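Labels run A, B, C, D and E following the written order; every chain starts at residue 1.
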Amino acid sequence: MTERVGVYVCHCGSNIAGTVDVVDVANWAAEKLGRQGVIIAREYKFMCSSLGQELIEKDIKELGLTRVVVAACSPHLHEKTFRTAAKNAGLNPYLVELASIREQVSWVHSDKAVATAKAKAVVSGAVSRVIENRPLEEIKVPINPNTLVVGGGIAGIQSALEIANAGFHVYLVEREPSIGGHMAQFDKTFPTLDCSACILTPRMVEAGTHPNITLLTWSEVTNVAGYVGNFHVTIKKKARFINEELCTGCGICQEKCPKKVIDDVYEAGLGYRKAVYTPFAQAVPNFPVMDKENCTYFIKGTCKACEKFCPTGAIDFNQQDEMLHIDVGNIVLATGYDLFDARRVSNYGYGRLPNVFTSLEFERLSNAAGPTAGNIVLRDGKTVPKNVGIIHCVGSRDKNFNNYCSVICCMQGLKFAHLVHERTGATVYNFYIDMRTAYKAYDEFYQRVLEEGTLFVRGKVAEVTDAARNEREKGRLIIQVEDTLAGKQRRIPVDMVILSSGLQPRADAKEVGKLFGISCSMDGWFTEKHPKLDPVATMTEGIYIVGCAQGPKDIPSSVAQGAAASARVLDKILQKEVALEPIKASVDSALCSGCRICNGLCPFNAITFIEDDKVTEINPALCQGCGTCVAACPAGAISGTGFSNEQIIAQIDGLMMKNLEPVEA
Amino acid sequence: MKPKFAMYWAASCGGCEIAVLNTHEKILDVDANFDVVFWPVAMDAKYHDVEAMEDGSILLTLFNGGIRNDENEHIAKLLRQKSKILVAFGSCACEGCIPGLANLSPVGDIVHTAFNTLTTDNPNEIYPRTSYDVPEGELHIPTLSRMVRPLEQVVDVDYFMPGCPPESHQIAAVIDLVIKVVKGEAELPPKGSVIGAGDSTVCDECPRARNVKFIKEFKRIQDVAPVDPALCLLEQGIPCNGPATRSGCNARCPQAGAQCIGCYGPAEGVMDYGARLITAFSSVIDANTPEEIDHILDGIPDPTGQVYRFNLAGSLLKANKEAWKVER
Amino acid sequence: MPHMTDERVRAGMTREEDLSLLNEVSMKTAGVSHLEMCIQCGTCGGSCPVAADMDHTPRMLFAMLRAGMREEVLRSNTPWLCVSCYHCVVRCPQEVHIADVMYTLKGMAIHAKLYTDSTAPHFSQTFVGMVETFGRGYELGLATRHYLRHFPLRLPGMMPMGLGMISKGRMAITPKRIKHMDQLTKILDRAKELELTS
Amino acid sequence: MTDQFEPTIIGFTCNWCSYRASDLAGTARMKYAPNVRLIRLMCSGRLDPTFVLRALSDGADGVMITGCHPGECHYIEQNYKALRRYLLLKRVLAGMGIEPERVKLVWASAAEGAKFAAETTAFVEEVRKLGPLSWGKDESQDKHSSFIIQPSSEKEVPA
Amino acid sequence: MNKYLLYPGCSMDSSAKAYMESLNSIVEPLDLHLEEIEDWNCCGATEYLGINLIPAYSLIARNLALAAKQTDSTRTVVAPCSACYLNLAKADYYMQERPTLGAKVNEALAAGGLEYKAGMLDVRHLIDVLVYDVGLDAIRKAVTHPLSGLKVVPYMGCMLPRPDYQHRWSDHEHPTELDDLLRALGADVIDYPLTTSCCGGHMTQIGPETAFELIHRLVSDADERGAQMMVTVCPMCQMNIDAYQNEMNHFFGTDFHMPILFFTQLMGLAFGKEPGEVGIGVELVSSRNALAHIGVEVPVTQEPAAPRKKDEGLPMPRRWTKHEGKKEAVK
């Protein structure tokens, strides 16, 4: 059957008509594309106006149009508008095609003749294509009201609490033995200098005891299948070797355990823990875990001191890892960040010069619950520094390491300066490239630190060395820097150097992204759907990213994002079902030979091989519509709706004006 | 009166004719059910006899070979005119086949290579001419065309029967079908169909085990030792054309331990065979950097020949850019 | 002198900013200079082992390049003091090819005859002259000629060292010459032509 | 208008990055060469080599393929698959006598309108330099007039 | 068998002849095969680059082009001199990074009938080859006289680990290759924070005060850390610290006596060679006392002749004119 095509050319005021002869384009289409089925071609001042839409609706009804081409702006702007208009007139919305003659023609070219000629080609392509369009229906799927939150730092806790408080169930999964994240390691938080533990602990307890939250610590997600509304998640609950039913969290096992281990995680390598431990006193949950690698019993086969002394018999050396399977409708990723490894900047001497500290080390050093009970001392454990240098941008804003600004380091450096000043009275230098203290009450804090007498040197530190050139420098750390405001190189001897290390994506961010089907930016942070207008959603529906997993940010922003993602999740849950774009791939099993070439191509696990029938199948719910498998199938057995081979070939022919030539006999 | 049958041999090797004979006693059915009016390899007949026939008087013509010269073209048009059912028989007629690879070079180069290279002793540089004066008058030698064309590019074709040559059991099946149609026991498939072959690809009939493929290195089969007899050849890094090649041969080559070279042409509905192989090979490459991918691709020494061995003349581009040029 | 002030003021007011300078230096530098990427962090100036003797730190020089201060830049002693230790290059967060930019500036200063102290340019030219003549370096000739020209008073002080080197066979009395000097000369002549046309 | 050769080029864009880059170039009114006619795909991974072959056999002088930067694919990693296909396709095209410069792969993020415009103009210039491809322009003649081989020597073929 | 093309550089048969002699002494125990590049020329040091870009890179590239003609059995060029290594490696890299530079250099080379396709050679420094190809294990095996008790500071200098476009070194600031190698010889290696600081380079010629300051930093820190000697991989570093140490002492009024040897000299000693075989004794700051710690007896060499009278100058070379080279060519 021949299609009845209507072509509508928009002036967009003078936006298009100023450069493209729209009347000519419409006349040309009516005349030259008649063979293609164009029965009417009109031009109009603003097609997207309600009058413009009515024009199309009227033609559909009165002229019986079966296809519509609107030559106007980018489909990203008004595709929906015209599809809705078609739908209102009783035409399947997917039988409408937009030809972009504004963004791709009138706005980017100046010569009217050339622009008009190109506009004709673009319209010709769209007409050829639209004939091959097929009616499609949106796909509706129900939403499971449960939510998975991965990562129990402040962003994840906030997100979990918001959803749980709204009355829906949340699984909160955390890799470490306790929730709390990096914030639990900090002493004070800028700019208000609240005690970190004081504001965090109540939230942790709330999350730990909330009836709507299932807390799964010492656990990791190992597999994710399904799609928005219907994710099937596998979680590995690692063996704690503690029976959680019996453990009261009394702490006797830790006391009795004879094995001391350097705590690289919570204490940033500055302190010790036992082989059976809770990372810190306020840990949630309060059950300890046994560190199998270091436990004397697991290594040598004897000891069991913990078991002997446990009053409730909660120690269980035979516990095994457990696999849990849960179904959720939405997933929030709050997997946080890793601290930049300052050893990589070898000119700063971290790891070689004892009194060079990282920011996280300093957090523990200044923390009253830390290894020195909050005394700021050198690595010898006793000497109080008289001069302290704080170096900003360590590993950040540096093409040798990480390109981006880590956001928090300036404020962190100021906070450290204040703490050093307050606790030791030492002279403090801050070395910075640019002071970045945007946001509420931040610059005021900078002012306060200036007032306290901290010295600021504008210059990226060149090196920290112990090679003294004179008596004054002997036995100290010398910070060599160009004071760019004075235009002179300076060598400043200090006792302690604190590196304000940057934040970087988790070492396994790429794998985690793959697991959940989302992508990472070049820097390795999870990519949001839109950097400004959709910062917590991702390109994969039903998966949200919050906190530092999405990019470096401070506590207030992390909390805001956690709450924002929850709002999005609740929105989805309350809609009860979700509509998916019908751009999908499918396999014609009669043509599929089971060569399995497409099997390795789908990052969304939509492609499965049916061993019994020796054919491949595509799960339409998982399919995201990229079309890679369609293009890959060597047998031509896979086709894709919305962007079919026929549509695209027709569009190529149309763009090349092949549709104008008479059909060959 | 028995319906009339014809078979013609244009630009091809003659293997298709042998394949027909390879149907063994089935050939007797042909004789029993048809009146063979024109089959130069099997019986004597003159072109003017065919020219004298009534249009549409031949029921079935199996035309093998591509169109390489004006004689081929003339007979193709002639047989089209005289036949009810014209079948492009075999890879050459369907898609150009090996003779079609000549389209990688300008025809002048081909003549030059044939008549004046190191292996040809032609000190006086004598080239053939298209017409000669002989006592009987002017003699015409067929003139080479610029490029090899499959039958479809010259005349309207009813059915396509792929294969180099078509498998004998498939030929037998087609003969049976036509006989049934003649007897009114069966219907002809829609015009333009591929007959005597499957719709899917060689993998469908290949018994080798297949898994998800991640290839770090392509190798020619002689460089793989030992070749796993039970595992997909592509999975072993051997560029096997099976995934893109139409089924119907019972995966003869892979079953015999060699990679499929693609003689049955593209699967149903495929526009360009080479494109399907490009995408098949590139999809199994396990590398992300251009350097590494290029390194892996180096393992396919002649990519154009690899993906268009049988299909060049029938592909979208049909011939090398140089071959399009008229002048030499 | 009021006259001087006037001139300076006038120069400052009327001087057109030479915005092409940065690009010119960039184009004349081997490799991709990334000069336009400088964020003025001072890593180079902080890293430089001889910064104390420079009249401008490398960072300042780059700021001056941006400001189009051609003459001031080419008169600066900074490029001549550069010891090519590449500390700044590997530390630069913006991957500016600082050492190579310094080479470029030296070449431009020689070309414009704008250097203030001739010691270094002459040393380079003497060295290059030796290489262009013999195809090899010739330490004794170089040192002697150079010291005679620029530190004649220091020459006697250096004598024990020089004699020590000679007596220990570490300084050849006569220069060495490569076999195909003509080939090298042809190459360098062509290269010089190319340099002029680019 | 000068009478210089104006190539016709078919461009393929992915819906998420490069098409948006072209939108951005438009919104920013960046002027670029008008020779490229774009086709929107969902992903550069959708690019079937057939499309490129079809465009060339339809008479296009060049084909520009664009997609998200490596590692930034909306579909996680499908642009790598496009890269693999592209590299093999170029090799096959080279065997068909088509200059590799006629088919170009460009990465452009949604923010890189300027890059999109600049790359487009640069590519048009490159193809302009190569001259028309005009694939199979003489095909119709071929159907009627066959290639005649002229005798290159006066000597007779020995009988 | 480890086969390489050798680019010795100008200093190897003059100021750094001890380096060459000691290198020759270790090739056999380590099964190294070094084939000298035919008719190589000076790399231009740090001087030519500061005058003319394309001639400078053409000068360097001539060596690469010559080496490329000798790549029958290896495509690795080894340079023992850090400055030579840097120039060769950098030219190779920049010719790739800036193809226009590569094209121009090749145009110049063509005038001499040569060409060089950037990237076809691997340019490496001697110590890189010794540590990563020959390997520390093989070196350890060749040691017959461990250097136990010899306190050394490893001095890598600056041009070796930087800018390191080819990523060959463990670190830009504190590379450990030399430390590891000296430890393999049994020496007592002192952590030396200035291991990649500058020796002053050509500043000894054009701004001696600046150079003395840099030499002073190095020598005084080595001394402070209790080193008996410095060990280097670079002829320029050796020359500056050895030959100018006395001058530097005068300038600062200090009294340092810090010998500096090439690492190959210590390798030779550890492999059981005699001091004379490895060029010991030609250094101006004698290593005699230092080597006594490991029981190596350095024969007393003739002290340099006493300073001549003030009115007597050094012997002058033949007068040099700008066109001298061309005249000869005409002859």
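Convention: a contact is a pair of C-beta atoms (placed from the backbone, for glycine too) under 8 Å apart; a residue touches a chain by one contact, two chains touch by 3 or more.
Just so we're clear, the structure is a prediction, and the values are computed from it rather than from any experiment.
Colleague: Fewest touch steps from subunit D to subunit E?
Modeller: 2
Colleague: What is the touch distance from subunit C to subunit D, in steps?
Modeller: Counted as steps through touching chains, the separation is 2.
Colleague: Tally the contacting C-beta pairs at the A-E interface and at the A-C interface, and name the larger one.
Modeller: A-C
Colleague: Compute the distance, rounded to whole Å, between the mean C-alpha positions of subunit B and subunit D.
Modeller: 29
Colleague: Roughly how far is subunit A from subunit B, going centre to centre by Cα mean, in whole Å?
Modeller: Spacing between the chain centres: roughly 53 Å.
Colleague: What's the distance between the Cα centroids of subunit A and subunit D, rounded to whole Å?
Modeller: 35
Colleague: If you average the CA atoms of subunit C and of subunit E, how many Å lie between those two points?
Modeller: That pair's centroid distance is 22 Å.
Colleague: Residues touching two or more other chains, restricted to subunit C: which are they?
Modeller: Residues 87, 90-91 of subunit C each touch two or more of the other chains.
Colleague: Touching two or more other chains, which residues of subunit D qualify?
Modeller: Those would be 48-50, 54, 77, 81, 85.
Colleague: Residues of subunit A touching 2+ other chains?
Modeller: Expected reply: 347, 463, 601, 631-632, 645, 649.
Colleague: If I apply the definition of touch given earlier, which pairs of chains qualify?
Modeller: Here the touching pairs of chains are A-B, A-C, A-D, A-E, B-D, C-E.
Colleague: Given the complex with subunit A, which residues does subunit E contribute to the contact?
Modeller: 171-174, 191, 193-194, 197, 217, 221, 224
Colleague: Note which residues of subunit A are touching subunit B in the complex, please.
Modeller: Going by the criterion above, the answer is residues 590-601, 609, 614, 631-637, 645, 649.
Colleague: What does subunit D use to touch subunit B in their complex?
Modeller: 48-50, 53-54, 56-57, 70, 77, 80-81, 83-85, 87-89, 91-92, 94-98, 133, 135-139, 141-143, 146-149, 151-153, 155-158
Colleague: What residues on subunit A touch subunit E, complex-wise?
Modeller: Spelled out, the residues of subunit A in touch with subunit E are 346-347, 352, 463, 465-469.
Colleague: Can you tell me which positions in subunit A touch subunit D when the two form their complex?
Modeller: Spelled out, the residues of subunit A in touch with subunit D are 74-76, 100, 102-105, 107-111, 113-115, 118, 121-122, 125, 513-514, 517-522, 527, 539, 583, 601, 603-604, 624-628, 630-632, 640, 642-643, 645, 648-649, 651-653, 655-656, 658.
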